[in-house]
Each structure stands twice: as structure tokens, then as C-alpha cells.
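Two complexes come next, and they have one chain in common, subunit A, joined by subunit B in the first and subunit C in the second.
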Partner chain A sequence: MMVYAAIASRTFRRYATYRAATAAGVFTNSVFGFIMAFTYIALWHARPQLGGYDVADAVTYVWLGQSLLAPAALFGGGFQDEFSERIRSGDVAIDLYRPVDLQSWWLASDLGRAAFQFLGRGILPTFFGALAFDLTLPPRPGTWLAFLCAVFLGVVVSFGIRYLVCLTAFWLMDSTGVQQVAGFCGMFFSGMVLPLTVFPGWLGDVSLLLPWAACLQVPVDVFLGKHEGVQLLQTLGFQAIWAVVLLLAGRALSSLATRKVVVQGG
Partner chain B sequence: MVDALRAYGWIITMWVRSTMAYRASFLMLTFGQFFGTGLDFVTIFIMFVHTDELGGFTLPEVGFIYATSGVAIGMADLLLGSIERIGQRIRDGSVDVMLVRPVSAFVQAAADRFALRRLGRILQSTAVLVWSLTVLDIHWTWDRVLLVPIMLICGTVIFCSVFVLGAAFQFAASDAAQVANAFTYGGNFLTQYPPTIFAKDLIKAATFAIPLAFVNWMPALHILDRADPLGLPKAFQFASPIAAAAITLVAGLAWRAGIRSYRSTGS
Partner chain C sequence: MTTTQPHPKTSPLIELSGIAKTFVVRRRVGRLRRTRAEVHAVSDLSFTVSRGEMVGYIGPNGAGKSTTIKMLTGILVPSAGLLRVAGIEPSRERIQLARRIGVVFGQRTTLWWDLPLRDSFGLLRRIYKIPPARYRENLDRFVDLLDLGPLLDVPVRQLSLGQRMRGDITAALLHDPEVLYLDEPTIGLDIVSKARVREFLREVNAGQGTTVLLTTHDLTDIEQLCSRVMVIDHGRLMYDGDLDGLHSLGDSERTLVVDLAEPLPAIEVDGGRVVRVDGPRQWLAFPAAASAAPLVAAIADRYPLADLSIQEPAIEAVIARMYAEGVAS
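Moving on, here comes the complex of A and B:
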């Protein structure tokens, strides 16, 4: 267990090294937040209470989305580039004979990254948003705590998806195409471009059940106080179930890959 | 100039040939770009499931604004979007190699890893543009007809300049490439929507600071026969070429200043 904590804290520090990049990320997320907030305000002025949100909820949704984009790696990234490159180059063979579990290694690394990006890139955009717009902030400390749980579970689900995406490199060699498709799915079905509650008809119903919903839509709804009491537990349970299913699928697929696939030499 | 263009042609031909070595991958990535960038329009479409007007503009009108911005950034991204990778080259020292070659560093940086798959965004935006033009009931006069190609060309030039400005900035802060994204892709995001939904100060910034408003907002107001939310003189709606020339000049000077200030990492 100690070794995974060490991996996580080293990754945290590695990401913390790039201060200019972090500042640049905050700046870019904030610019997108401003533009997006105005598009949502226009929509919610035309249709108040759309998707169960008022204007303040909708604008809060935008800023939390910008804050969580990097920590939850909705568009991909994080350990993903490194891991798929190691599979492609064959370096993964070295990872496999290390006395640590492959999946847990990368999970620890990704949690370290997410923790840094949550603190370094997540807090400021929403803070700037709160300066410029009326946001819905949770009145109770319990809601903040539930939000942090939901973000954590969301990051684990996001890891579970991205790990599976990386593993396709064992068969495809170059997983760029799959990563691109996964990135766009992540943006669309997490609720990053529009809240899933606004999606029309069956598209909305289905997308609320997909794992990506656990990465952004659920944490934001928890923050906005849309789930209380038993419903809150059910919502967190929904995230936890996807996390477990995806992690188990990742284990199954990696054992299949390591048994059946010949690693690239060189 | 002729030499520079010829060199640009050679470099992009080389990259296209290397891309075509993996034809299936190229096709997948191009389709990926087509659908991926199309998600922005899907978002707008879903918004219009719930409302008939956004900021007083209908879906075909927003489609026209969306598409003209998309074609412009798509063209700019295809022609020299790779220049945003300059920060990485500054960090690993490979700008040195560019500087000793007998071709301008700008041409090399612009053509670096030329990515034909970026046609995906251009095709997608063109499809929306054609759709919007067939649905829209525009009162076509000769100046409106002329303004459509002018806005596409000027928009491309403006976005090219924004890409170059972002690259020049990386000579000062080599790992802050993301800042450039705020103005390139952020600028595209901004100009996908009609100006009327934004705060006046934001429109002013996009008109007078970084002339993104001249990519499509200003000419589109004339083509769609809409009032300017800032109440600026009518001349602004025809001023895209002037704005494009001005920002090109600034970008050119910034790039030169950047190259002059370059210090090799020495590795």
C-alpha cells in the first residue's frame, strides 16, 4: 500500500512542477467558462428552469465543468498518453515484471495527478466565476463533503474508462483513434458541453446511465444539492458501481492482453 | 516569398506522404475530427430543441455564424496550426535545427507535422454552411454575396494571426501553450454564437483588442440584416480586411521579436 501512496505523491509533485502550465490552464479554463456562461444564460433566459436548473444553477454548472475538466480528464490525458506509449513501444514489459500491480500503479499515479489538478486547476476557475456571476453554493458543509466524494468517485470512473482505452493499444498498436473517440464521448456524455438533463428524450435517459455521467454530471448535481438523503447515497452508489465494474473489466482485459499478446521487442 | 511558399509546399508534401502511409489511420482521424468538431453544432442543435431563438437569432442564422467561424479556424489550423507546437521545440532545443536550415523558421514551424486530417473540421463546417445558406431566406444583394468569401478569407487570416501570436508568446513562456488555446479555440467558441448573447464589454474586447468580431460577427450582421448590439457605424461590417491586415502586421512583428529573443536550451 505504501508504494502506491508513494507513486501518488510523486505524481502529485511532478505535476506541481509545471507552474506556468498550471497557470495557463487556469487562464484557458476561465476564458472558456466566461464564454460558455453567456451561452447558458441566453438559453436559460429563453427557457427558465430547463433541466431542473435555474440560471444560477446553470452558470454554476458551467464553472464546475471548467474546474473538473482537467482533474477528471474528461477529454483524456493524464496517465493515458504515457501508458499507451509504453504499450506501443514495448516498455510495458518492464512494468509487467515490477513487483507491483499494473492497474493499481497507474491508478495511484492518476489519483496523484487528479489531486494536484483539483487543487491547482480546479479551485481558481470557479472562484473567478463566483466573482463575476451569481453562483449556487452549497449552504451545508455536508454537501461540500458529498461533492468531494462524488469528485473522487468520478475520477476513479474516468480512470477506469481511460485504462480500458489504453489497453486497446495491445491489439491496435496505435490507439490514437480510439483515444480520440473516447475523448469526444467523454466531453459529450459527461455533460461537459451541455447538462445531460437537457438532452432530449431517450438520449437524455440513456446518457444519464452511462459511466461518463459519473464523471461530471453527478458531482455537479451533488454540488447543486439536487440529491439529498437516500437519493444522495444512491447517486454515489451509481458512481461506485461503475467504478467497480470498469476496474474489474480493466483487470480482465489486462490479464487477457498479457497472456495472449506478444509485447513489441526492440 | 516564392521560395518560402515553395519550401512550405515541399514540407507539407512530405508530411502528407508520410500520413498516407497509414491510410486507414488517416481516414479514422479525419472522420474523428469531422464528428468531434461537429459536437459543437450538436450542442447548438440541442439548445434549439428547447428554444426557437438564441439571443434573437434562429437556428439557421446561428448555423451560418457557427459555420463561418468553423471554416475560418479550420483553414487556419490546417495551414499553420502546428505552429502551436513551437513551445515543445523550444523546450527540447530543436528550434536550433530550424534556425540553421536554409528555409525560414516560420515556414518550418507552420508546416511542421502538417495534418491533413484537419480537413475534417473544414468539411463539417462547410456542410453546416451549405445547409444554413439553403435554409436561410437572405435578401441577396451583390455586396452580401461578395461578403461571404471575403469573411471566410479574412476570418482565416485573423485566426492564422492568432495562432502566430500564441506561438510568439511561447518564446516568452514555453510551457504556457494553453494560453494560446484560450484565444484560438476560445475565439472559435466565442464566434460560434451570435454577439447579442454576450456582455457588451466582451464584444468590445473582441472588436477592438483581438479583432475576432471581424471573423464573422461584423460581416454576418450585414448579411443577416441585423442591428449591431454595440451600435457601431455600418462601416465596421465591411472592415474585416482592415482588421485582418492589422492583426497580421502585429503577429508578424511578435513572431520576429520572439525569434530574436530565442535562447537555445543548449542540448
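Moving on, here comes the complex of A and C:
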């Protein structure tokens, strides 16, 4: 366990040294937050209660989306670039002969990154949003706590997806194509473009069951107090199930990859 | 110091029998068609290494050396055969084995680019769960032996190749592994760094009894470090024995240099053949395995012999001939 804590804290500190990137990220997220907030306000004035949200909910949704975009790596990224590059170059050999579990190693690393980006990049945009707009803020501390749990589970689910995407590099050598498709799915099905509750008919129903929903839609709904009591537990359970399923799939695929496929290079 | 102490335990630490590794590669032929081809990187490889040995593993490019090392670490699964390292089947119990082996891939680094050496070592301490006292003791010793002191606070990306290699070798040994695999540990190093690395490996092998298997293209490494050499070519073991034996196997010849009292035509004698004449000095080639004594006696008998010396074949020449023959067959 100590190892993984050390890895997480190392990645946290590494991201903390990228000051300019962090500042640029906060700036971009905030600018996009304003643009999208005005767009949503216009949309919700035309269609009140769209997706079950009032205007304040919708604007809160925008700002939380901007805040969670980097920590939950909704477009992909995070440990992905480094890991798939290591597979492609064969440096993954080094990771494999260490007495550590490959998946846990990268999960720890990604959690360290997410923790930094949540604190360093996530809090400020929503704070700016709250200064400029009326947001729906949770009245009870319990809801804040549930929100943090939901964000954590969302990051793990996002990791699970991205880890599987990376492993394709063992077979394809270059996983950028798969990463792009996955990034697109992440953007669309996490609810980043529009809340999934707004999607019509079966598309909405299905997308709410996909793992990407666990990365943004669910944490935001928890924040907005859409799930309470038993329903809240069910919602967190939905995330947890996806997290477990994806992590197990990742384990199975990595053992297949390392047994059947080959580490590149002399 | 140069002789390795045979360890009392005689059961082999590394054991390979009938190991093969076949890669399936898909090649494009024409626009759309692809064919499957098999590359036999290693075929029917069998050898054992005992505790405390320092073995050189050499062979031309693409011979299968790195593939063998990857199988020995468990990151590559053999296609056939039986493999045991310290009683463990590497690919099945990779993580258990990892605590007991150290690996240096000359072309890659175990260190973290963005971290100073000290922090990389600290992370490895956690990864290998090295007791703090042991860790400090080992680190102090390696820092001293490899002269790493001034480098400890430099990020790895700023180290030169030779400095990084010394860091990597330290990294591979901090957890007191029983076996150390080195895949081209001296690649790209200057003479001074090479000498230092060799001295260090000798120290580790003699001092701790760490078993060492090393691949290299620099035969001086082998001459200076290894009492035993294995030569592999096209995935097959061509030779396993000591360096002297390698000389005789390569059909190599020694050279007898004789100084006669006066310039004479080429000497005619059984068991030797003149390859060069320069005034009173003549060079005669004779089989490396044969004794020089009868040849010298025969010459002294019939020619006015003033002086003589014997030149051993250069190991490079022997190996080069072996590789060339291997390629031809």
C-alpha cells in the first residue's frame, strides 16, 4: 500500500510543478464556463425545466463540468500518454519486472494526478462561476461528502476506461486512434456537451447506463441533490459497479496482453 | 579478487531446458495482403547457472540474448521448454521473482526522468520494501563504489549516459538480489566508465556472491569479468565453457614468432605454416589447441634460432570467425 501512496503523491507533486499549465487550464475552463453558462441560460429560458433542471441547476451543471473536466480526464489523457508510450517503446518491460501490480501502479499515479487537478484546477472555475451566477449549492454537508465520493468513483471509472484503451497499444502498437474515439465518447456520453437527461428517448436512457455517465453526470446530479437517501446509495452503487467491472476487465486484459503479446524492442 | 568463489550450494540457480521463443510477425506483402511469419528468436536452449557464477552471454545482433533475458525475468513467456530461476517459474510468479532479481537493460532506464537519483532510489526502496537500515547501508556503499555522491540530487534527465548507467546499476542492486541480469551494461560508455562498472560488478559478484549474467558486445567485459562464456547465435547455444575453450573451438591459431640468426627462406616444418617473413623474423601459424613445444624443437633442430615468442589469438578474431560461420551455416 505504501508504494501506491508514494506513487500517488509523486504524481501529485509532479503535476503541482506544472504551474503555467495549471494556470492556463483554470483560465480556459473559466472562459468556457462563461460561454457555456450564457448558452445554457438562453436554452433554459427557451425550454424551462429541460432535463429536469431549472436555470440555476443548468448553470451549476456547466461550472461543475468545467471543474471536473481535467480531474476526471473526460477527454482522455492523464496517465494515458505516458503509459501508451511506454507500451509502444517497450519500456513497459521495466514496469513489468518490478514487484508491483501494473494496474494498481497506474491507478495510484492517476489518482495522484486527479487529486492535484481537483484542487488546483477544479475548485477555482466553480468558485468564479459562483461569484458571477446563482448556483445551486448543496445545503447539507452530507451532500458535499456524497459529491466527493461520487467524484472519486467517477475518476476510478474514467481510469478503468482509459486503462483499457491504453492496453490496445499492446496489439495495435499505436493506440491514438482508439484514444480519440474514446475521448469523443467520453465527451459526449459523460454529459459534458449536454446533460444526459436532456437526450431524447432511448438515447438518454441508454447513455445514463453507460460507464461515462458515472464520470460527470452522476457527480453533478449528486451535487444538485437529485439523488437522496436510498437512491443516492443506488447511484453510488452504479458507479462502484462500473468501477469494479472496468478494473477487472483491465486486469484480465493486461494479463492477456503480457502473456500473449510481446514487449517491444531489445 | 578476480576469481569467483564457488558457493557451497550446488543446485543451479538458473535452469533452462529446451526453451524456445517464437514470435509471430505479420508482414505486408503488396497493398492489402499480409502474411504471417514466424521468427524463432530462441530455439531449444538449455543451460544452467549456479549460484555465485558470473557468466558472459554473447552473440551477434539478433541472436536472442535480450529475448532470453526477458524470459528469465518473466516478462516474456517461453513458447516451449522449462524455465526455473531460484526454483520459480518466472512468467507465472513474476512478482515474487522480481524481489529476488535485479535487471539492467542498457538501453532503457529504471529511473524516473523527472526525479533526482536520490528520489528514484527512495521510490525503489518502497517498491522493493527494503528495510531502512539495509537500504542506507547499500546506498552508501554503492554511492562510494560508483562515485555517485555529486549526482544524487541531479534529475535523471540531466545525467550523461555513463552517469545514468551507474545509477541504473545501483537501482538494480539496492534490494540485494540473488541474480543480476545485465543486458549490455557497458553500451555507449567511455573507457573509464567501463572500467569502473566492471570493477564494481566484480566486487558485487565476489563480495556478495551475487550471480551475474551479462550480455555485451564488448569482449573485454567478458575477458575481464567472466570465467564462463555462452555464445548464442540464431537462437541456439553454440558454445558454453571457459574462454580458453572458446579459442580452441573457433579453430583458431596461435602465432609463433621466431627470430633467426640470419634472413632465410620460409621455414618448412610439420605442424606450422609460415604466414609472414620479414628479414630474419618469421611468423608461423599453428593450431591453438596444439602444444608449441614440438614445433619449437623441430625448428631449433634445423634452423639457427635466436629468439622466439608466441602470440595468443585475439578473442575478437575467434568470435568474429564463430559468428561468420554461424551466419554461413
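What we mean here is this: the second predicted complex is superposed on the first by the 265 of 266 C-alpha atoms of A that agree within 3 Å, B and C clash if a C-alpha of one lies under 4 Å from a C-alpha of the other, contacts with A are read in each partner's own complex, and residues count from 1 in each chain.
Here is the rule we use: contacts are C-beta pairs under 8 Å (C-beta built on N, C-alpha and C of every residue); 3 or more make two chains touch, one makes a residue touch a chain.
Everything numeric in this text was worked out from a predicted model, so none of it was measured.
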Clash-or-fit label for the pair subunit B, subunit C on subunit A: fit
Touched subunit A residues, subunit B compared with subunit C: B
Touching partner for A:T258 - first (subunit B), second (subunit C), both, neither: second
Which superposed partner A:D91 touches (first subunit B, second subunit C, both, neither): second
Which of subunit B and subunit C A:M2 touches, first, second, both or neither: second
Partner chain in contact with A:P99 - subunit B first, subunit C second, else both or neither: second
Partner chain(s) touched by A:L209 [first = subunit B, second = subunit C, both, neither]: neither
Which of subunit B and subunit C A:L248 touches, first, second, both or neither: neither
Gap in Å between nearest CA atoms once subunit C and subunit B share a frame through chain A: 10
List of subunit A residues in touch with subunit B within their complex: 18, 20-21, 23-25, 27-28, 31-32, 34-36, 38-39, 41-43, 46-47, 50, 174, 176-177, 180-181, 183-184, 187-188, 193-194, 198-200
Subunit A-facing residues of subunit B, complex: 22, 25, 28-29, 32, 35-36, 39-40, 42-43, 46-47, 49-51, 53-55, 173, 175-179, 181-183, 186, 189-190, 193, 197-199, 202
Contact footprint of subunit A on subunit C as seen in their complex: 23, 66, 70, 73-77, 91, 94-96, 98-99, 101, 103, 105, 107-110, 112, 114-115, 119, 123, 126-129, 183
Subunit A residues touching subunit C - in the complex, by the definition given at the top: 2-3, 6-7, 10, 14, 90-91, 93-94, 96-101, 258-259, 262-263, 265-266
